[in-house]
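Below, each structure is written out as structure tokens.
The following pair of complexes shares a single chain, subunit A, combined with subunit B in the former and subunit C in the latter.
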Partner chain A sequence: MTLLPLIVLIPLAAAFIVALLDFIKDDFTRELAMDIVSGISILSALIISIVLFGNYGTYAMAGWKFPVGIILVLDGFSAPVLVITNFVALMCLLFSYDYIKKYGAKEKYYALFLLMLAGMNGVIVTGDIFNLYVFLEIASVASYALVGYGTQREEIEATFKYLVLSSIGTSFMLLGIGLVYAHTANLNMAYISEILASSGVSAGQAPASIYLAAVLFIVGFSVKAAIVPFHAWLPDAHPSAPAPISAMLSGVLIKTIGIYAFIRVTYIMLGMNTGVVPQVLRIFGSLSIMIGVLLALGQWDFKRLLAYHSVSQMGYIALGFGLATPLGIIGGLYHLLNHSVFKSLLFLNSGAVDYRLNTRNLKKMGGLSEKMPVTGTTSMIASLSIAGIPPFNGFWSKLVIVIAAIQAGHPLLAIWAIIGSILTLASFVKVQRYAFIGKIKDSLKNIKEATALMQVPMIILALACILMGLILVPSIREVILDPAAKILLDPSKYIELVRGAAG
Partner chain B sequence: MNLVTLIFTIPLILGIAAIFIPKFLFKYGSVFAGITSAALVWAGIQAFPYYRLEALGRTPLLEGGVLSLSLIVLTGIFGFLITLYSIGHMEEKSSFFWSLFCWMLSSSALVFVAADIIVLMVAWGVTGLILALMIWQDGNEAVGKKTFIIVGGSDAVLLFGMVAMAATAGTMQLGEIVIKPGAPLEWVIFGSLIIAAFTKAGAMPFHTWIPDTAKDAAVPVVAALPASIDKLLGIYLLKKIFIDWFVFTPGKSTLLMVIGAFTVIAAVFMALSQHNLRRLLGYHAVSQVGYMIMGIGTGTPIGIAGGLLHMVNNAIYKQGLFLGAGVIEKETGTSKLEDLGGLYKNFPVTFLSFTIMAMAISGIPPLNGFLSKWMIYQSIVKTSNSGGVMWVVYLTAAIFGSVLTLASFVKIIHAAFLGQPAKGRKTHGENISWQVPALVILPLACIVLGVFPEQTVYPLLEKVTGPIAISGIYKPMMAAALLIFGAGFALLAYVVFKVSGYRISEPYIGGEKITPAMRVSGVEFYTTIESIRPFKKIYNFARKGYFDIYELLKEFVFYWIKLLRWIHDGVITTYILWVIIGTVVLMFGFLK
Partner chain C sequence: MISLPVTYSLCLVLFFIGLYGIVTKKNAVKIIISIIIMENSVNLFLLLVGYRKDGIAPIMTEGMSVEKFVSGAVDPLTQAMVLTSIVIGLSVVALMVAIAIRIYERFNTFDVSEIKDLKG
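What follows is the complex of A and B.
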């Protein structure tokens, strides 16, 4: 468990080191040094997250004991999210090595990238609500800067919208934390959960301020998770960022500081895993599924289309968690993991196309598979995954969500999800048809495949799309998905974990 | 070797291996497809003496009786014939085609033997995916898009139906599922399942991908999937749904009969007006499905047997017709009927083969198409016992559809093979090599199944449906004997009475010289049908896509998109307003 703080510290320290490496005069050496430092730091974070997997426990920062100090916790819910976050981050970083050259100012880019990752890792492992808020702001501020990284007019506009709406969300969160703190006089999530459980939150007997806090948390985290009607910033912000950052934002950021933190705070800290909160998730989730996919269908901008699909897919994840049955939570978490992989892959594909063609307009593409076979094939795999075509990973998680919806007695939600899935298919068939399939356009005869360093992460992610279906094999599922369901449906297990390890 | 090895592992590995065959060795990839086909046939044949799949080693996920086994064998045979045909027909291209081919056969076979809803759904979905990839591989972006959206969409509907059915029945094992009338969600489940079956088989109104695919995709792809294996898949599923999983009710039966009758008539009318050989065949691929649905919809043993037999028959001749059309198209470079004509001299083998199969599809005795239609007519008449007059409508539709089928095939035979050659058409001879087995075996099968059903298909069908009581005096062998006798008699008369004093003369048209421009292409006559009053409007609507469910839904969806885009105006104050509204709504939810 002594490794646990390193997962935050390594990227955090590397962020500052990379920024300092700017002193090296020689261009080649400087870039190489920065590539190596950032690469090694994320790789080690990934390795730590894998080594720690299944090894649930806590780490008390600076030796301050529970419930006074800040405690880092690794439980069944955080472990899989931690692995996928660092995995996707590593892939995006690999892709950035060549891609970001056209933007320049690599040291700032890497520093922000690492800072964002440190923030996300912090949000995932922290056991303290205020600490969660701080890490969330670290990740958010880094992402504001990264969205506007190109400093073009529309990029600045997008980041401004993102900044304003996000700030509304985060101020709501802070207010919520204040209200909870006023009632419990503590910031440790396990401890708060204990107090609230004894004051009868689920029975509706807790003071109104707690329910107000719940509303504030829901709004705050929903803004971050881009769930309808709090999604409006996303379709502007995600396409404006450089492609690997879009992949990070859509792939993991909206999940870790969005839906993950949402579920962590409402289900576990407030103990509201029945009743209104799941209902809200179901309703907003269903709205997201449909509104996101409909807007995506009308898009001709490749990245904007993908961004709208992020809204839609977040709806599936929210729906899964909102069913609040073991199977529903398994489905939601599983879809979260899968979506991280295929959506980041799709954004990397769009980046590879943009890198060679300098356009995001689908109408200006055509038959790209002929000249860019790796990009074409991997984008096909990712498209089939997100559209829920067997045997790719997206099919399996949607299947679990549909089964869970019907078992939980919501057949209408299942039908709704199916309709969303058909429209998703339609939208990605359109992408394939206009961008990749068929004879190449005459004007594009001279384009080349993306560089080798950009191909590698795409291939790895595509393989993950194919192999992640295996997670559903019972013996693997028991290790990866089931613990999360147990802990989310019974917060006392979380309290036990925190108490037991910390004495 | 056990079943899983034969129909899953071997095709999977061969398919992966085929990816790495370089382009210039494309034709040798056919060996992989051939082995896969053989594996399927071998698996079926090994288990056949026992009539159960379990004879090959029991797995909880796979099971199957006579029907499943027969369909696997058939799929293998079709796969083999089309593989051979492809060697002769296809130009060099990416060997990924063979990978898809192996996986297509494997996934189809898995559908037939699935014992678990998950296996069925995955295998079913993969067949749809492969169809789309195969169409796309030839660069038909638009057709592939439409096909994939319709077929893939129906797969998603199937997913819902299957999961809901499993929840209602309380089991995932397909063999144990029974949905009683009045069960929760009964009609929703039934509806979603038959949507999937209809889309795959191509019944109306989910058929619109078939004519497009038939016109533009590569001929082996069309012959393999929409023409034959997709029919097997769709009707197999329909039989499972209607007979095995759901309890027969008159309401469901009526639904199927009405859709079946409508499909037969509407599709054959569309076929009549086509000018493209492959598109015309595509509409027949839709029309014939109506018969199968009607047969199964009666719920009587003879009807089910007739429906299943028609499925097999149709797969045989429709596949053969497309392959024949492929030979013509490869040589002449077109499948527009106006540009063909007089091909019988240059294409003797294709002509003979095509004509026999055209007769079979038109329901001319003693060929197989007549036999299965005859069984279906009988089953429709039998439903009159339960009262009602609708059976008259169904029967009229069925018989009328058959007549129109004949009419449209007369049109093809005349326009393509007889008549005068179109101006400027290249007059290469028939160039067939590897195509021969398919062009010979398929029409032979039409004859054998039609004349010797007692020795071939009846025993198998009775194992599936129970005893088939065929009434009436139609005896296939006797009918065949009479026909042969009649033909022989005519020939004899011809020889005896020395009808030799004939002469061949040029047509006389008022002293004008006949130029190719005056040629009657065989298409014109049918254009009159299009100008008859009610039909004119209907054809016009059809051309505008008013009957295309794909276009209709597209309109509907884009209406909503327009609305949503209007409220996403990009102004930040609007977006903040939404956040506030959302917050207020939540407050009401929590603090009421």
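What follows is the complex of A and C.
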């Protein structure tokens, strides 16, 4: 378990090293050095997350034992999220190598990118509620700066909106942490969970301040997760960022510091995995599914359309977790992993189109598959995945969520989810029809395929879209998805894990 | 000495003043100030959580017995948390002010109701 802190430390250290590499005078050497440092750091984080997979345990920072010090925890819920975060980050970084040249200031971009990844990894592995808040702020501040990276009118406006709404959300979280601390006098999530379980939180016997804290956490993390009705910032912020950053934001940021932290704090720390909190998640989730997809249907801006679909797909994830049955949580987590892959792929596709055509308007595209076969094919795979067409991964996770909804006694929610999926298909048929399929426009005769370095991540992500359908095979599912369901439905297992490893 | 419930509610009042400012004000700078007020009200709340009546600073001085320290000192952990949160707040505010300067450069106004390129 000594490897666990490295997953935060390596990107964090690399962020500052990259920023310092600015002293190299020669342009070519400098950029190469930055590319190598950032690439190796994320690759090693990915390798560590894969090596540690299934090897659940804890690491006490600086030797301070439970429950006094900060403990890093790897459990069944954090391990798969950790792998997918670092995987998507590596793909987005590969894509950035060429893409970011048109923006300039590479050292700042890489530094912020790595800082954001360090923050997200920290949120995933930490076992301390205040530490979670700090890492969440690190990731958020880096993402604010990255959204406004182009510093044009739109980007500045979007950043300001995102900043203000997010600041309200984080203030709510901090207030919630204060309330919880006032009752438990400890910040360790496992320890808090233990105290609250003994004071009877689920039976409604805990002091009112704990329930107030739960409301504050729900609002705070819902803002970060961009679930309706707290989604207003997302359709502005995500399209304004450079394409690989949009892929990171939509692909992993709203999941790790949004829904993952939401579930971690409410289900495990507060122990509210039955009753009102899952119900709220179901309501928010089903609202997100429909409102997101309906708003997406009318969009002509490629990236804005994708951003609205992020709201909609976050709804599926929230619905899955909100069912609070083993199958529901498996579906939610599975859709979280799948959505990370296909949504980041779609944003990279939009980036490749933007790189060659300098437009995001679907009406100005047409028949691009002819000239950009890799982008066209991979976007087709991703579109079919997100729309839930078999045999791609999106179909399987939506299927699990729908079956789980019926099993849990919510057939209406199942039908609702299917309608949302059909509307998603309609919207992506539009994307394919206007942008990729058909005869190429005369004005676009001279465009070229994206560079090789941009094609590689798109191809890898497209392969992942196809292969991730295999996760549902029982023997693989037992390793990847089942442990999360066990730990989320029974927080005492989490306490046992933290306590047991601490001796 | 004001009683503790009153100070807690004053803290909450400060929080809602900040929230009110963010929601109603149109000037970007005033919104930033409102956010600062809100963040500071949360910091104040955290300090109050760790406070005890007639508490002493949580510093172990020479010749002080452990019993006296434990029975007299206020909670140092909340103070550490507030310190961290102030630093985070500072970085967020610095970024926000930088963005506000850019807003003025691009739009020649601080009025957020006039800044609406993005919609739909």
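In this section, the second predicted complex is superposed on the first by the 503 of 503 C-alpha atoms of A that agree within 3 Å, B and C clash if a C-alpha of one lies under 4 Å from a C-alpha of the other, contacts with A are read in each partner's own complex, and residues count from 1 in each chain.
By our rule, contacts are C-beta pairs under 8 Å (C-beta built on N, C-alpha and C of every residue); 3 or more make two chains touch, one makes a residue touch a chain.
Treat the numbers as computed from the prediction; the structure is a model and nothing was measured.
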Partner chain(s) touched by A:Ile168 [first = subunit B, second = subunit C, both, neither]: both
Which superposed partner A:Ala232 touches (first subunit B, second subunit C, both, neither): first
First, second, both or neither for A:Leu72, with subunit B first and subunit C second: neither
Which superposed partner A:Arg153 touches (first subunit B, second subunit C, both, neither): second
First (subunit B), second (subunit C), both or neither touched by A:Gly298: both
Contacts of A:Val280 with subunit B and subunit C, given as first, second, both or neither: first
Contacts of A:Leu12 with subunit B and subunit C, given as first, second, both or neither: neither
Touched partner set for A:Ala118, first subunit B, second subunit C, both or neither: neither
More subunit A residues in contact - subunit B or subunit C: B
Contact residues common to both interfaces of subunit A (with subunit B and with subunit C): 160, 164, 168, 235-236, 295, 298
Contact set on subunit A toward subunit B in their complex: 160-161, 164-165, 168-169, 172, 208, 211-212, 214-215, 218-219, 222-223, 229-230, 232-233, 235-236, 276, 279-280, 291, 294-295, 297-298, 367, 384, 387-391, 395, 398-399, 402-403, 406-407, 411, 414-415, 418, 421-423, 425-426, 429-430, 432-434, 437-439
In the complex, subunit C residues that touch subunit A: 15, 18-19, 22, 28, 31, 35, 38-39, 42, 45-46, 49, 75, 77-78, 81, 84-85, 88, 91-92, 95-96, 99-100, 102-103, 106-107, 112, 115-118, 120
List of subunit A residues in touch with subunit C within their complex: 130, 134, 137, 141, 144-145, 148, 151-154, 156-160, 163-164, 167-168, 171, 174-175, 177-178, 181-182, 185, 187, 235-236, 240, 295, 298-299, 304
Subunit A-facing residues of subunit B, complex: 118, 121-122, 125-126, 128-129, 132, 136, 139-142, 144-145, 148-149, 152-153, 155-157, 159-160, 163-164, 167, 185, 188, 557-558, 560-562, 564-565, 568, 570, 572, 574-576, 578-579, 581-583, 586-587, 589-591
